[in-house]
Structures are given as structure tokens and as C-alpha cells.
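Okay, got some structures for you below.
Okay, so subunit A shows up in both of these, paired with subunit B first and subunit C after.
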Partner chain A sequence: MKRHAFNLALAVATPLLLVVVWYGTSSSSTNAFFPPLRQILSRFADLWLFEHFTSDILPSLGNLVVGFVSAVVLGVALGFVLATVPLLRAMFEPSLHLLRGIPPVALVPILITLVGFGNEMRISSIMIAAVFPTMIATIDGIRAVDSGLKDVCTVYQLSKRDRLLSVYLPSAGPQIAAGMQVSLLVAFIVMIASEMMGTAQGIGAMTLLAQQTFMAADMWAGILLLGLIGFLSNLLFDLIKNRVLSWYIGSKKMEKVS
Partner chain B sequence: MNPSSSALASRPENEAPERRRARDYDSPVARIALRAAGAGILLACWQLTAVNGVFGPGLPTLGATGGKLATLMGDPGFWIATAQTIWLAVLGLAISLVAGVLLGMLIGTIESVFYATRAVTEFLKPIPPIVVLPLCVMIWGPTNTMALVLVMIGTVLSTTIQVIAGVNDTDPVAMNTARSFGMGRMERLWRITLPSAASYIGTSVRIGAPAALIIVVVAGLLGGAPGLGSAIYRAQAAGDYPGVYALVLVLGVLGLAAQNLTAAIERRVLHWHPAFRKVEK
Partner chain C sequence: MNATMETHTTNDVSPGNTPRLLVQSLAKTYGSGPKAVEVIEDLTFSVHAGELVCIVGPSGVGKTTLLKCLAGLQPSSGGTMAIDGRKVSGPPAEMALVFQDYSRSLMPWLTVEKNLQLPLRHLRLPAREMRSRVEDALGEVGLSHAAKRYPWQLSGGMQQRAAIARALAYRPEILIMDEPFASVDAQTRFELEDLCLKIRDELGMTILLVTHDIDEAVYLSDRIVAIGHKPARVLEVMDVVLPSPRNQIDTRALPEFSAQRTKVLSLIRQAQA
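And now, the complex of A and B:
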């Protein structure tokens, strides 16, 4: 018990200690790359809290959400079709794996040549890059549906619609969710990359601009903000996932206990 | 008794047509033919869109892209860039692997270290390396070092987390057996913990290899590090659209090769592991 309390204290104290050490050791720093944390935080407050909130943060997040959500819808739909129609799967799966092998960020220059530098480019880059993890996870998840479950569907003579929506989808749910989580990360990466390539708007663009003009504190503020968004978006996804898949997590726990 | 036996009897009949159809798609000739047809349809869509000029010069035709690809194959600069990209990814991944195994063993075997580092790793885990790209470019400039550091930053944490999971998954019976044989702490780490974590290390390589390749490309594309990434950037900036497409296709092939190669190596190196034994037969 005592040991448990000690471990808990350790878990809480270490990150705090790290921040304090960073603050303390950097407070009189004159290194051009590592400005004092105090200065970074004050720039963070100046830049991101309100001044650029509506002009840069909101558009970035909007692109992320729109791109991610449409990627997920498209990925699940395409994955469903490919997994349930063997002919299509045999035809297109190898090509899809080649497309999946392309680094997501390399799609940004292609989309720039196709649709220019506007917002459409960013959203479509995010969408196309993020569609693959969800789609592949959906295909694998549906292929892995227990054959006993399929037999039960046949015995109960479920309609195709019932089969897909009330048996296959929940059964593949955990795997689809795992794919969606990867999609979210990819969407976040492409969001930053699409802003860093030749545009002046968005968090990524501001951060890269700060680097190019050697405004170290501004750049650090951008890195902090991007890090926070990456962490919080993943946390939010986890919360939603745990709620939606609570039946699955519960059944896993039961399995472990028994 | 009777209805159940009739249900059993009718099952194979019910499944027979479906299974036969599945087998048709699985025969080698049919598989190759279908793959070719699928790829052909996708390429035809591309060609039609390009010829009709929906996207203007931004979408080159198949012929232009293929021609550019052929020129690239004869261009030593392209091969140097490719070699550089692969080398940076492999080197960065190898360093991360060694560091990740050491860190993971340290964190996984000592409980207080595990708790002390937990919040930090959990916070950093979902943050991609592209976030710190501006910092790396500021410190190292558009160089190989910058790309290498970025690859290490991007892959060391996931390796460490995998190794920690592997260490926690060590069979306690094997551990106690080793202890009763009088093995020392280091010997147990080397002969029990490390082999137990081997499949987790394999997983981290399989995830890490495509990730490392992607990070090198990002470092080139956005940070100007040498390699295929900056080649794409230059082609795009110069309006050489067939070049952009040809290079991106090359990256697709490289990414696919990285995935398949690491999976094959994993199977070969870990053939003794329970997870792979059933695949072997």
C-alpha cells in the first residue's frame, strides 16, 4: 500500500519536476535555440490566446475535423464494400496496398498541383491520406468476423442490411476504432504538413514562419500548441472510443477474470 | 437428434457454392488476372481524367509519368537520393531500436522508473515528430543530421513502449525457473526477459520501418534534408508535374517494400516464437 502511494506520487511529481527544472534552468538562457520557458509561455499567451485563435487555430482544427470525419465515413464505407464483395477485393486490394505505401505527406504536393493552395487542398489531402488506415482496418475487421456468427446470421435468415449493421459492424468495431485512431494521427500530421507547404495561414505555417525568421520563442509556442492539440485530440478520441466500445472492453475484462 | 443432424448435413451444401467461388479467386492465374484488371481500371481512370484535362497540367498522363520514371531510372542523382533516403531511415531506426530496447528494459523492469516516466511517455506518445521539425531545422539546418534526429525522435518512443509491454508480458514461471536455477539479474534479463520481449521488438520494427521512411520524406519535403523528399519538393516547385507523380509512385513502392520486407524478416528471425509457429506449417 505504501509502495503504491509512493509510485503514484512519483507518477505525479516527475512531470511537474521536469517542467520546474526546464523553467529554472532556462530562465537565464541566452541560447538562440532554447529561450527561457517564461518567454515561451508569454509568447504562447500573446500569440495563440485570442489574437490568432479565430484566424489560425479555428481554421486548422476545422480542416482537421472535416478531413478526419469524411475520411472515416469514406474508409468504413469502402472497407465494407471491399470486404463483402470478394471480386472487388481480389481486384483492388493489391493496388490499395501500393497506394497505402505512399507516405501521407507526399500527397500534399500532388494535391497542390491538382487543386492549388486553398483550403480544399488541405481538407482533401487530410481526407485522402487518412482514409487508408480506417479502410484497411475495416476490411480486416470484417474478414475476421467469427464464422460461427455468420452461421447464426444464416440460421436466423437475417437480411443483408441487418447482417451488416447489427452483426458485422459491431463485431469489427474494435478493429475499426483502432484504424480510426491511426487515421486521426495521420490526419493531424497532414494538417500540419499541408500548412507548412507554402501557405501563410494556420498553426503549422505560423510555426514554420517563426523558425524561418529565427523567432525561437514563437516557434516553441507553436510546438507547444501543436503538441497539446495532438495529445488532446487523441485523449478525446480515447474517451469517445471507450464509451462506444464499453461493451467490448467489459467483455474483455470478464474474459480476463474468468 | 434428427433436426440437428439434418442441419449439420445441410451445412456443407449451403457453403459449397460460396467456397467454390472463393477458391476461384484464389487460384494463382485468377489472382494475377484480377489484380491486373483492378490496377488496369485504376490506371484507365487516371488516364481518362488526365486526357480530358479536368485538372489542367496538374495531372500528367500515364505516358508522361512513365517517361519521366524511365528518365529517373537512368539518372544517377535519383539513385543517390533513393539510397540516401533508405540509408537515413535504416540508420535512424537501428539507433532507435538499440536505444528503445535499453530504455524499455530499464523502464519495464524497475517499477519506480516505470511510474516516474509514465506520464511523460503517455503525453508524448500521440505527438508526431513533424511537430518538432521546425526546432530540428533551426538547430541543424537542411542536413542529413536533421533527418536522422527526426527519425530517432519519431521512432524511439514507440519502440520503448513496445519493449515495456514485452517485458511486462514475461512468463512469471520462466522467470521463477531461471531464478531457482540461480541465474543472476543480468543473465535473467539477457536469457529470459529479452527473448520474451522479442516478438514485441519485432512488432516495433514492423511499425517503425514505414514510419522511418515517412519521416525521412517529411524531413526532405518540409525541412529540405537531402533525399527523395526534397526531390519531390524541387519537382513541384519547378512545375515538373510528371516528376512529382513519378517520385511519389517510387515512394509507394518503397513503402510497400518496407512493410513486406520487415514482415518477412520478422517471420524468419522469430520463427521459433509461438505466434509464428502455426504460420510455418
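And now, the complex of A and C:
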């Protein structure tokens, strides 16, 4: 327990120390590309904490959330169908693996051509890119459902609904969650990429604009914000995951003990 | 070949004496053509209401295949099966199965209570009956205190108790158990065997239990169906006459117990030779 607390303190203290070191060593910097952290932080407060919060951060985050959530819903649904209908799997699995191989960011230009520069383009880029990790993980997870549990379903004649919601889905849960975590990362990347073309709005656009106008402090402030969003969204995801999959974490711990 | 062996298979399907479960000439062959493997040649046996019958045979004789066919997990290649005189095909609704491997039989994401409720959901019982069935079944196996716990928080023996409780809450006409005590330690094994006898006595449950353990079969059974040979067939059906109630210490010390044990063992040895 003591060791645990020590590790936690270390995990918090080390990054803080690094920030302090950055703050100290950069304070007298005159390099145009590496401005003092003090300046970056003050630009951060000016840029992101007030008016741009509603005009740029919220729309970006909105796109991220809508794109990610629809990707997950679609990914789980498609994955489930593909894993349980052998005919469809045989037909579509090779093409899916090919599609998955395309770098997600490369989809943005195609969607601009097809959908234009609006929010719809951004949301659909995020969704299309983020759907694959969740879908593939769902296929694998459903296929890996223990045959013993399947026998239980047959013997006790569970309804289709109970099989789906109470056996297959929870059983594939840990794998689906791992896929979702990758989807979240991809969604975040594509969110930024989709804002770097044809728009002046959003975190990605603001950061790119700062870079192109040699506003180094603004650029660093944007990157700091992206880092924070990435970190916090992952933290939130982990919190939810640990709650939903507490049975899995508990049973794994138990396995280690015995 | 085995003309010396008296095989009194029960074929008495006279009215009023309909067995709870009647299996006739069950056969199972995997594959077809020259590569076909015949696992079960001909198994005929019956289990009457309230009886505890053990099917005993050496490992690899096809006991699990037999159970899978009975439970509708695999199609049989021939023969018929009837419950209370009604022919059944596919997974029979009247049957509950307790599997050998409890860790692959209970849902780890559901509490013990929810595990028991899961098979009952499609029966659309009133909420009160659902609750009382689950409570009764947990009480029967001595797990009332563990209703809200997860299977992986329980010992192996308790998990198998939970699996038995799930079968009981389903209120089957016949309870089938596949080597149910093979994965627990010896002490727990004795406890679970006695639980089996208790269920039979208190609830009048009809139980068909498959085991490779001859001592276990003799201790539990009203009748033993010894199977052997490859492909499998019934060697002999024996009544086990031991005073009841049975208990682990006195029953196993009886001369009748060892006589019965010797008989079954030599029968199975003989078939293997």
C-alpha cells in the first residue's frame, strides 16, 4: 500500500518537475521557435480560456464526440453482424482489412471532395476512420466467446436477445474496449487533421494558422491544449472502462493470486 | 462376443411405468465415408423419476459425446430419446446440464444471483416467482450468503454449487451432470456428492450423472450403467443396493460397497482388455 502511494506521488511529481524545469530553462529564451513557457501559458490563457472556448474548442470537441460515438455504435453493430454471419464475413473480411490499411488521415481529402468543407465532412471523416479498430476488435471478441458459455446458451435455450446482450456482448467487452481506445486515438488525430484544411475554425485550424504566421507561442499553446485534451479524454475513457469492466479486472486479479 | 455378460437394459415402456428418460439405440459417428469415426455404437438405458443413475466408463469412451447428444449440443447419428414417453429432438427444454468446467459455465460478468436468473428470463415468470426460485435454489446448495458475489470471488466448490443452483432454479424434469466434481479437491468432492444426494432426496430430482470415478458412481447411484468398448456400448446395468441415507464414512466402509466397486471395476477392465 505504501509502495502504491509512493508510485502515485512519483507519477504526479515527475511531470510537474519537468514543467518546472521547462519553465526555468526557457524563461530567458530569445529563440523565436521556442518562446518562454511563461509566454506560452499566457497566450494559452488568452487564446483558449475565454472566447475561443465556445467558438473553437467546443465545436472541435463536439465533432470528436459525435464522430467517436457513432463510430463505436456502428463498429460494434457491424462487427457483431460480421462475426455471427459466416457468409457476410467471407464476403467482406478481406476488403475490410484492405480499407483498414489506409491511413485514416488520407480519407480527409476524399471526403472534402465528396461532402465539402462543412462539419459533416469532419464528423464523417472521424467516424469512418474510427470505426475500424472497434469493428475489428468486436469481430475478434465475439468469435472468441468461450464454447462452454455457448453450450450454456444452448442448453438453457436463452433467447436471441439474452444471448446477444447478456453473453456475447459482455464476453467480448474487454476486447471491444481495447478497440474503442484505439478508435478514440484515431478519432482525435482525424479531428485535428480535418480542421487543417478549408476552415478557420477549430483547434487544428487555429494551431496551423499560428504556425503559418510565425506566432510560435500561439502554436505551442495549441499543442499544449491538444495534449491536454488527448490526456483527459483518455483518462475519462479509462474511468468509464474500469467501471464497466470491473468484473474483468477483478477476475484477472483473482487469477493472478491463485 | 460378450454373450456371457447379462445386460438387463430396461425396455419396459409399459403404461404407468414410463421412464423419465429413455434412450434407445443411441449412436454417434463423426464424419462420413472411410474417415468416419464411430464413437457410440449402441447405447440403450433409462432413468426413472426420482432416480440417480450414473453412467460410468473409462476416459475416452465417449461419455461427453453421449451427454452432448442428450443435451442437444450435437446431433446423434441414430437412435431415439424420450422424456416421459415424449420423443424429443434438439435441446430438450425439460433438461438442465451441469458442466464439468464450472469456470467456463458461469458468466463472470454476472453475480451469482444474475447467473441463476439468466436461464429463467425466457420463461417469462412473474417477478415474485423468479425471486423465490433463485432464493430457494441458492438455499438448497448453501449459497444464500453469496447471491451478490461474482463467480470468480468464490472457491471452485462454491462455483460448482452455483452452477448446480442455476440448474435447480430452472426446475428441470431431469438434471444431467457431466463429471461435475472432476475439477475440485477431494474434500469438496465429498461435499458436492452429498449435495447431489440431498437434492435427489429433498426435491425428488431425477439425476443422470456421468463419471469415470467408480467409487463415486457406487456411492451415488441407484443404478449404474457401465459403458465400455470402442465404439461404446452398454456393458451392464446394475442396481446398487446400499442402505440409505448414505454417508461418506459408513457407506464407503460397507462390504457391499467394495463388492459393488469390484464388480464394476472388473467389468470395465474386462471390456478394455
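Assume the second predicted complex is superposed on the first by the 245 of 258 C-alpha atoms of A that agree within 3 Å, B and C clash if a C-alpha of one lies under 4 Å from a C-alpha of the other, contacts with A are read in each partner's own complex, and residues count from 1 in each chain.
Keep this in mind: a contact is a pair of C-beta atoms (placed from the backbone, for glycine too) under 8 Å apart; a residue touches a chain by one contact, two chains touch by 3 or more.
What you are looking at is a predicted structure, and each value in this text was computed from that prediction instead of being measured.
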{"item": "First (subunit B), second (subunit C), both or neither touched by A:D146", "value": "second"}
{"item": "Subunit B versus subunit C as contact partner of A:Y248, first or second or both or neither", "value": "second"}
{"item": "Partner chain(s) touched by A:T154 [first = subunit B, second = subunit C, both, neither]", "value": "both"}
{"item": "Contacts of A:V167 with subunit B and subunit C, given as first, second, both or neither", "value": "second"}
{"item": "Set of subunit A residues, in rising order, touched by both subunit B and subunit C", "value": "151, 154"}
{"item": "Subunit A - residues contacting subunit B, complex", "value": "6-8, 10-12, 14-15, 18, 33, 86-87, 90-95, 97-110, 112-115, 151, 154, 185, 188-189, 192-193, 196-197, 207-208, 210-211, 214, 216, 219-220, 222-223, 226-227, 230-231, 233-235"}
{"item": "Residues of subunit B that touch subunit A when the two form their complex", "value": "11, 14, 21-22, 25, 30-31, 34-35, 37-39, 41-42, 55, 58-59, 111-112, 115-120, 123, 125-128, 130-135, 137-139, 210, 213-214, 217-218, 221-222, 229, 232-233, 235-236, 241, 244-245, 247-249, 251-259"}
{"item": "Subunit C-facing residues of subunit A, complex", "value": "146-149, 151-152, 154-159, 162, 166-167, 170-171, 173, 247-248, 250-251, 254-255"}
{"item": "Subunit C - residues contacting subunit A, complex", "value": "71-73, 91, 93, 95-97, 99, 101, 104-105, 107-110, 118-119, 121-122, 150, 152-153, 170"}
